[in-house]
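The next block holds one structure in the form of structure tokens; read it before the comments.
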Amino acid sequence: MELKQFIETRKKSKSPLVMTHVVCGYPSFEDNLKELEIMDEFGVDFVELQFPFTEPAADGPLFVKANQVAIEQGVRVGDCFDFMKRVTDRFSFKVLMMGYYNTVFKMGHERFVNRLKEAGGSGYILPDLPIEEAQELHQLSLDAGLTPVILMTPTNTDQRLEQLARAAHGLVYVVARKGVTGGKTQMSDDVAQFLSRCRKFTDLPLGVGFGVSSKEDIEFIGAHGDIAIIGTAALKAWEEGGAEQLRAFFSQLEIQPN
Amino acid sequence: MELKQFIETRKKSKSPLVMTHVVCGYPSFEDNLKELEIMDEFGVDFVELQFPFTEPAADGPLFVKANQVAIEQGVRVGDCFDFMKRVTDRFSFKVLMMGYYNTVFKMGHERFVNRLKEAGGSGYILPDLPIEEAQELHQLSLDAGLTPVILMTPTNTDQRLEQLARAAHGLVYVVARKGVTGGKTQMSDDVAQFLSRCRKFTDLPLGVGFGVSSKEDIEFIGAHGDIAIIGTAALKAWEEGGAEQLRAFFSQLEIQPN
Amino acid sequence: MDLFDFEEGREGYYGQYGGAFVPEILTSTIEELKSCFKACKEDPGFWDEFEQLMQQYSGRPTPVTYLPNLSKKLGGAQIYVKREDLNHTGSHKINNVMGQGLLAKRLGKPRVIAETGAGQHGFATATMAAKFGFECKIYMGEVDVLRQRPNVFWMENLGAEVIAVKDGQRTLKDAINECMRDWVANMDTTHYVLGTACGPHPFPEIVSYFQSIIGKEANRQIQELAGRLPDRVYACVGGGSNAMGIFQGFLDDDSVELIGCEAGGSGTGIGHHAARLAYPDASVGVAQGYKTFFLQDDDGNMLDTESVAAGLDYIGISPIFPYLQEQGRVRFAAATNDEVTEALRLVMATEGLIPALESTHAFARAIVEAPEMSKDEIILVNQSGRGDKDIFTVADALDDDHWKCFIRNKAVEYGA
Amino acid sequence: MDLFDFEEGREGYYGQYGGAFVPEILTSTIEELKSCFKACKEDPGFWDEFEQLMQQYSGRPTPVTYLPNLSKKLGGAQIYVKREDLNHTGSHKINNVMGQGLLAKRLGKPRVIAETGAGQHGFATATMAAKFGFECKIYMGEVDVLRQRPNVFWMENLGAEVIAVKDGQRTLKDAINECMRDWVANMDTTHYVLGTACGPHPFPEIVSYFQSIIGKEANRQIQELAGRLPDRVYACVGGGSNAMGIFQGFLDDDSVELIGCEAGGSGTGIGHHAARLAYPDASVGVAQGYKTFFLQDDDGNMLDTESVAAGLDYIGISPIFPYLQEQGRVRFAAATNDEVTEALRLVMATEGLIPALESTHAFARAIVEAPEMSKDEIILVNQSGRGDKDIFTVADALDDDHWKCFIRNKAVEYGA
């Protein structure tokens, strides 16, 4: 499985790896490209390309707005795949589709997997698709060499973490706290403890998301997990000061070079 | 009983007699006096002086407004008695207090009778005082030589007319139609029939009220009854054109001189 | 205590109060009504028919609800509420109105008229007229039409004609006068659906009769729920219909104290309230067809009244009440506008109930007295209506800024 | 037909619809809720407790009312109405809400949240929270806050915090999203009181369970009143809770045809209505936690919807309904805004009832179909709520000039 090898290779020289996020077509595809150039420049290892959806119930205010504006501007699912193709052709980081299950469901599982594959995607994250509902899609994806990324969360019981671990592939997206995207997470003992709980059930690399925004966060994740996932903080920087601010943001994170 | 004799005397030379109406203090006591002068001039035999009341439920719109304005202008019951005294001192027509029972009740029956007597009144008409409730007051009044005028109405049964006749004194106020004061009554066969029904039960003079406004009305009442009672039509004339119009109004009625 | 078992020659009198002071022209109509009502009362099927109508159309029996949170908060008596607010059209007024609808049908009259102040009685009458297929005209003071437009809107849509009365204070009492004027012109075809236990006999009796359904139910329900009779029963008193309704259920239970709660308005002082029996400002008089305590001046002219609750803002009171007060059977108290708005806030927030401002007077008084009572004493409050229909008045009473802002925006939308 | 006796491995599914598509973080909360609900269902005392609460607090059973005038006017079937409008807070929403209040109490959660569109569900939830002593936050699209200020006013006075949601269409669906966001952050202390038979399992089942009290009563009542089962039962369908409520009482009676009435808005054509099953514009999708027919585009993004009735103006529908439609058990039809305002006028004037605009959709359809039925056939319409609380919407729908004038004057009084 492509993604797994990629992670193993990178992990040899770098801790933690870094994943970032853009919402397709927000503010525009041109801006997306500029953001991605900067991310690439700073050695980002993965990027989530979020396909905008009208009902982004798991997202916080900034992403909600981004989803909404993108749709109002006419961004279609086809545009997102086209954009993904351009991105994967050009950059060396791995690209994951991020979005809501209805985008996939409406298109049909098979068609989705094919289009994602054609667009050069490595996998996807669908936060509203529980593993019970995901079997067929996951199997199709795995057959096509795509990684379905699942989430582990602090409210899960051990039993549930074990189930999740069994269904996991490539990496695990560890939700560091309750709530939606966007809020600040205190990278505390609780998070560390939760990461070691996850570790008990899976050997897969652990990506840690929700609120990562500082050098300290990155270091913390380096010590307790494998991949720092940066979401809202980057978009906020871009909104506040465009390319310059985004560059400053990444600069202070002191991400290790590849 | 004073009033009875007065009627008998006048009736000898005149048919019908005429009763008119003013609302005390509306538009003002000065205007009332001017109205009364004209009425006197045209040979009116009786005048009802209405004591204004806040809840004149048996009156039509014009009198309702008159009652209300008078009270707003500060007209008190005492003022009405004072005015009555001036009127009875000056004019030869007979004066009846007209009003609602609460004015009497609040003052006390005895005191009312005394004050009315002192003011030179001949009697009173209280349209909301049914005969069942009137016994004590009527007796006091009769003892003092005052006439309580009661009403007969077209909805009364024969049995009721008989009761009313037994309770009647001086004259009977015959309500020519349903409804409150002010509307026009068609002086028709119905009214004539009703008057002859009343006649079966009483020998007292029959005053006919509600809507009298023309020479024909007066003639009709002359043929079927005894006293034409003019209410709203006179006030309307005054409101429309003051003394001149009121004079014109009385002039067209062609009331017989005394 | 049978209030309606009149002594010979004193029909329609409660002690020295009551009577029928009507223009002679109405005598036969009143007679007709009395005998029709008598026939109904004596017809063993009539009450059942009425009760069934109320059950199927208005959702009776309305429940009695226990208020644990409010009781606990006040730390005294246990408070229960009779829920007349759950009636169709939102108040107890429908009880009387549907009953009189049955009377009008028996009388063969195709047209009904009614006065209304707050609009609840007019709303109920318009509803009844739609249901019975009567022509309907509602008289309402112009001031009330202007401030109670929502009710006017519904009345009109229910098919009633609403007449704005422009005489006098242009409120309830003037609407009553105007109704009388209509009635004396149209009594052949028209039944006057008087809205409260006032007016000439037999109205106080008729209205009390139909409203007694409240007390009949409540007596049974409170015993089921609380295991025994209440110690005190509170009801607001405008004309007195809801109070008569619930009190009749407990009149013969001597252990039950009955408290009538009047409109204290902005406080004591002539013209500032509508408390006829709780304050010393009223005196006996005769108006609007009956003898009772009125807020009147020395000449017998009526005074202005004031209350946050339009339905209590009335010069007179059911003639039955001064009598019951004299008998020591009903105690009277007043609640001021301020006490009422505070009570409303409290009841909403602790129990999720929204009593009408009228009904809140009963709550307000219970809230004053409950803390002084012991925890095993029982209070029953009559919630005569719901407040959500009167949002304009309530929002004004609570002086709500968001609401004002909403209305201003709405006005702009409507081209202001 | 036991809809909730799920096949092994298909828990929460009705045919291919339903499921629980929730973020992983909620899994344990959903499990907790499922097991609490299961315990309640299996507790023989629980339903009695619920029924008693509804009786004493909300006035249940609500009656079934026969509409002789409307039936006669239409000249066909005999029309009966189940009167959910007589509930405390004015609609069937309280049934579900009080039930979930009992659940929240069992779960030991001191805080409740809810979405609301028209405001009825928020109003009911705020009421329940006051009664149970819960902290309460209501999410409401900003558009709805602006147009439904009366409900906001009451919710706030009942002690709830009302949040105006500024995302998306700023209506019901966006309020649901925002509620989910609150829930995923606060599930430890918070129960999400979902307002209709939608959302992730077990909500469609829970809501249907509590609403089934409507159908249980109605089945018994119509047989008592009409002597037999109805031929057709009509209910409006927003999310589907009142329809599920009444339909469950007749699901096993094959002779009873069940008709779901959706919002036809300004007519067919994408974006002009909210008819998911009556019109061909919706397709299967997964959103807001469940799989059903949604009004969505080819990308799976949701379309705008339109209806005079805010409570029906929603992209999705209870997952139970596409299943029941496929089974041939429920027939779907839509009523347009114009049909609805006409029906409202007719029902008000002929029977003195004021159904909510939502409920009027059921009437509108019954009015279309009744004349084609024979005089001894029987129709039962579910009047899910009363319209008098929504005077702003109704006055707008009826385009009432007096009302507009009143509002403009009121605005001046408020310093506009």
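A, B, C and D are the chain letters, set down in written order, and residue numbers restart from 1 in every chain.
The rule we apply is simple: contacts are C-beta pairs under 8 Å (C-beta built on N, C-alpha and C of every residue); 3 or more make two chains touch, one makes a residue touch a chain.
Computed from a prediction, not measured in an experiment: that's the story for all the values here.
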Chain B and chain D: spacing of chain centres that average the CA atoms, whole Å: 66
Approximate Å spacing (C-alpha centroids) for the pair chain B, chain C: 37
Chain A and chain C, separation of their C-alpha mean positions in angstrom: 66
Chain contact topology (line, ring, star, complete or other): line
Each pair of chains that touches, named by its two labels: A-D, B-C, C-D
Residue ranges of chain D touching chain C (in the complex, touch as defined): 55-59, 62-66, 69, 83, 85-88, 90, 126-131, 133, 146, 149-150, 152-154, 156-159, 225, 345, 348-354, 388-389, 391-392, 395, 398, 400, 402-404, 406-412, 414-416
Residues of chain B defined as touching chain C within the complex: 52-61, 64-65, 68, 71, 76-77, 100-103, 105-107, 127-130, 132-133, 150-157, 160, 164, 175, 178-180, 183
Contacting residues of chain D [partner chain A, same complex]: 19-29, 167-168, 173, 176-177, 180-181, 184-187, 283-289, 291, 294, 296, 298-302
